[in-house]
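The following pair of complexes shares a single chain, chain A, combined with chain B in the former and chain C in the latter.
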Partner chain A sequence: MEKKILEILSEVKPGVDFEGRTDLIDAGVLASFDIISLVSELNDEFDVEISVVDLVPENFNSVEAMAKMIKRLEDED
Partner chain B sequence: MNFKENIFLIAFLPIVLLLYYILPKKARWGVLLASSLIFYILSSGIFTFIMLGTSVTIYVAGLLMQKINDNFKKQKSAEGITKEEKKLLKKKATNKKKLVVLAIVIINFGLLLTLKYGNFFLGMVNSIFGTAIPPLSLILPLGISFYTLQAVSYVIDVYRGTCKADKNFGRVLLFVCFFPQIIEGPIGRYDKLAGQLYEGHSFDYDKFMKGLQLMLWGLIKIMVIADRAGIFVSNVFEKIYDADGSILLLGVLLYTIQLYADFSGCMDLVKGIGQLFGIEMADNFKRPFFSTSVNEFWRRWHITLGAWLRDYIFYPISLSKFFANLSAKAKKNFGDFLAKFLPSAFALFFVWFINGLWHGAEVKYIVYGLYYYVVMMLGLLFEPLFVKITNALHINRKSKPYFVFQVIRTFLLVNLGMLIFRANTLADAWYALCAIFSKFNGDIFATSILSYKLHIYDFIVIAIGAVALFIVGVLQERGHHLRDEIAKRNIVIRWTIYFAALFILVIVGAYGEGYRVADFLYAQF
Partner chain C sequence: MKNVLEFIENSAKNFPDKVAFSDESNSITYIELLKMSKTIGTALVKKNNIKNKPIAVFLDKTVFALTAFFGTVYSGNFYTVIDSMMPADRISTIFESLHPVAIITDNEHLKIAESIENCGEIILLEDALRQQIDDKKLAEIRSNSIDTDPLYSLFTSGSTGVPKGTVVSHKNVIAYSEWVSETFDITSETIFGSQTPFYFSMSVLDVFSTIRNGATFHIIPKKYFSFPIKLLEYVRDREVNTIYWVPSALSIVANWKALDYVELPKLKKVLFAGEVMPTKQLNMWIKKRPDLFYANLYGPTETTDICTYYVVDRKFKDDETLPIGKHCNNCDVMILTEDNRLAEVGEEGELCARGSFLAMGYYNNPEKTKEVFVQNPLNTAYPEIIYKTGDLVKLNEKGEIIYISRKDYQIKHMGYRIELGEIEAAAGSIEKIKTCVCIYNESEDKIVFIYEGSKMTDSELMNKLSEKLPVYMRPNVIKRIKQIPYNQNGKIDRKLLKQTYKDI
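On to the complex of A and B.
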């Protein structure tokens, strides 16, 4: 899953090395409109529904955090 | 009452602090509530009932949604209920909660729109239909633009389930009217702030001293830099058509310094007061003038307003079904880039329109918001082109000179925004912008600069102040925690710094003839 998320991230925001980063939101690497594109791609790819409540920095600061959120949403389904 | 007034600093605050720390921990939030109400009544008198009304509406809404949630949980855990029935129950409960949120939004934003924008809309009606309806004598309760956003965020958070409804009205009321934040924010969130307000904090010497330091720093920013620069700015913008382009340019630059020093200084003061009680309030500034883009600037300037607009306007619009359809259509009909750009452009329009309108009931504020919208959209649209150009010119976008170029570019764009924001009318702003380029005369600058009620000594103080702000900013950008570093020094150095700061405030602060205790600039919004 992490690999696929990395692929999506590099499409949404090319030219950034996302691996190992844990401050993607806090450091301003991903802006709010990047988040929206990312959410749309993640929803399509993993067939989940990321809601407004999920849009908090803790869920998007790293690839691992995104994977954890997606797994939780998949389990909730 | 104003935080800079002696009555607040010498009487109100010390008495509240004394009561807070001598009463039992359980009663301490009561001290904060009582003092916040007294502060509000002293500032707004009878109009306190408007703020109380807002608090009642959100309190009741919270309880209603909690009841809907509890009923739903009870019904869904009933025996023999199918998955489909559960889904239906959930949908019904959500719809009911949506109605509650809608009612709160209509009531509270209706109140804000009527009081703040009533005469603006009336003026528009008069000019469109040729009528002559006289303006209404409307009052604007203290902090209504700030506490309305904070109050509505509580209801939406309860709806979203990110916080639970509070059953105690006094606690909800304190969340809305906590006195340090009531004049101009920061716009707090229930999940981050409320718990800290209700918990009785023990006296912590280090935290207390750090709070005092921050207050002192805030007061220096306001009284040494902002209030002084404000005298020049007011005089320049009052007689804009008499001023040379060079004076207007300096006026805009000093206004940018004034607004930053005033607003961020007030936030230091507010955060410092919070720390005296052991309460950490949200950051509203993070060295905005080190931003490399306008987009970044707004993530570092008035952070809590930007975050509110993002969480309660931008994200809900962006994740709505309508938006998802728009996104899908854009993907089908345009390339990847436009598919990403168009939906964001659509959602961000509302954010920036509301941002502008929130600042005031004038067309210039709407233009101010939309100015940033246009700059950001152009930035997004031309980003691929910029990348191509810099690559072709072999410019390293990660180099220091390019960083400096980006910071200066952002600073200039922000100054243009400040001109729209400060000029009395849009026509004045346009005139000043043209004059800066077409009516620029160094000789007139030299002969007229001292005719705007500031002495040369004042300009030197402002310049030193601005350089000090810059140096502190550079150090903080490099990861220094200055207050912690001062606290680690020995007692002689530490107290020398404190007394020097106090000395600067007393000697160089803008007092006396020609000066008065100025209102905080952002309090008018």
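On to the complex of A and C.
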């Protein structure tokens, strides 16, 4: 899953090394409106629905955090 | 009153220990704002004994940026706000015409500042803040200032791609902030939650009506505009009661239904400008919060920020457009036809403005200035300048001004004159569409319709559109994209969309 997320990230924001970073939001790597396109990509790819409640910086600061959130959403289904 | 610094000096006297400005990590009171601005002003005077010259401020949107603006003004010069995310190349282009005598930056941005050509002397904010205030010198500078001296210059992208720097004077902002304060009842009780960047003219409303009235201004961190719940929690926790945001930011809150999750008991006023407010999203706000005051403001940087406004006082259907209303107090507008007469009710014309909100012109650009700041064609008796906005509008039966489109958005398709904005307004009311943009492919005479929203077949969409639009206004190409792009100001990035999808 992490690999797929990395792929999506590099499509949304090419030319950035996302691996191992835990400050994607706090350091402004993913800017304001990138997140919303990222969310719809993740929704489509993993067939989940990230709701506004999941839309918090903590869930997007690292690839691991995103994977954790997606796994949780998949389990809830 | 001749100088906006009197706003700060008065508020520092009346509300010394009240918070004037805050960002995520810092806040400053009025007395601190006054002292820091004077300190920076003194540092600038020591380095450059000059008057009415541009000084660039190259800092993030923080309370320190504000002290740098007012410090510049204390030194008798005017400031230009440079987006700290802007590529060095574009900054160099701006500086080719601006030639700033100095650039104020901090250690964090020093490296980039050093790589910019024509940037003038680099002044580190950290160093400038260590100066001793020289009150005598600052008073002397003030005694020689007049209200038509420049206060700031903001750069907007020109249609040719070369940015133009609009020069705005003290007088402009004093007149403008007076209208803002009386119209929206801005007082020392007002608490703003600021969205717009300082290099964008909309920020002039909240910044200057704050210092004028001893209000409080909280900078909302940009990153929260992608996290609607966090955004509203921030607004709630800072007890914000007035917001003046671009419609795209308000739409994100509406589309994600964030108001269902976070209550904003203190919020009273919602003002918006900068682009057309989609009625569907406004109705979502009104449905959730019918108790709030909503107003649609309209105007370009060249009229300081705004020249007309409409307070939402009745219901609109999702496919109706909001009026931009009537002229502001102390700023007149008129609708001129191509043959320079006043347009009749219902007749299209170009919106032109006159009065004290009108900027001085474009910095170092007499050609562009002459094109749009012209003699009032209806007045042949004495010199009187009006500003031609380049926006097409008309009056409705109620006497309200209705925005139609930019003069250059109006297209001719299949022999008809079409406003792309009209197609967007009609399509935007369709339930499955979150946001949509229309562009025109001139070479093939095709209307390209781009939308973000739930999946539907093109024929489903066309069926819905055919209920709302005549045949010649229906799009020729439909494209669904995952995310409508936004520019640095938070507005829909039409330029990028046009580049990307013009030829599909």
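Definition applied: the second predicted complex is superposed on the first by the 77 of 77 C-alpha atoms of A that agree within 3 Å, B and C clash if a C-alpha of one lies under 4 Å from a C-alpha of the other, contacts with A are read in each partner's own complex, and residues count from 1 in each chain.
The criterion applied here is as follows: contacts are C-beta pairs under 8 Å (C-beta built on N, C-alpha and C of every residue); 3 or more make two chains touch, one makes a residue touch a chain.
The structure displayed is predicted, hence computed values, not measured ones.
Chemist: Is it chain B or chain C that touches the larger share of residues in chain A?
Modeler: C
Chemist: Does chain B (first) or chain C (second) touch A:40, or do both, or does neither?
Modeler: It touches chain B and chain C both.
Chemist: Classify the contacts of A:55 with the two partner chains as first (chain B alone), second (chain C alone), both, or neither.
Modeler: A:55 sits against chain B and chain C alike.
Chemist: Contact-wise, after the overlay, does A:25 reach chain B, chain C, both or neither (first, second, both, neither)?
Modeler: second
Chemist: Residue overlap on chain A between the chain B contact set and the chain C contact set?
Modeler: Correct list for chain A: 28, 31-33, 36-37, 40, 52-53, 55.
Chemist: Where on chain B does chain A make contact in their complex?
Modeler: 160-162, 295-296, 299, 310-311, 314-316, 318-319, 324, 327, 336, 340, 343-344, 347-348, 380
Chemist: Considering the complex alone, what residue numbers of chain C touch chain A?
Modeler: Residues in contact with chain A: 222-223, 225-230, 252, 256-258, 261, 482-483, 485-486, 490.
Chemist: In the complex formed with chain B, which residues of chain A make contact?
Modeler: Result: residues 11-12, 28, 31-33, 36-37, 39-40, 50-53, 55 of chain A touch chain B.
Chemist: What residues on chain A touch chain C, complex-wise?
Modeler: Residues of chain A touching chain C: 25-26, 28, 30-37, 40-41, 44, 52-53, 55-57.
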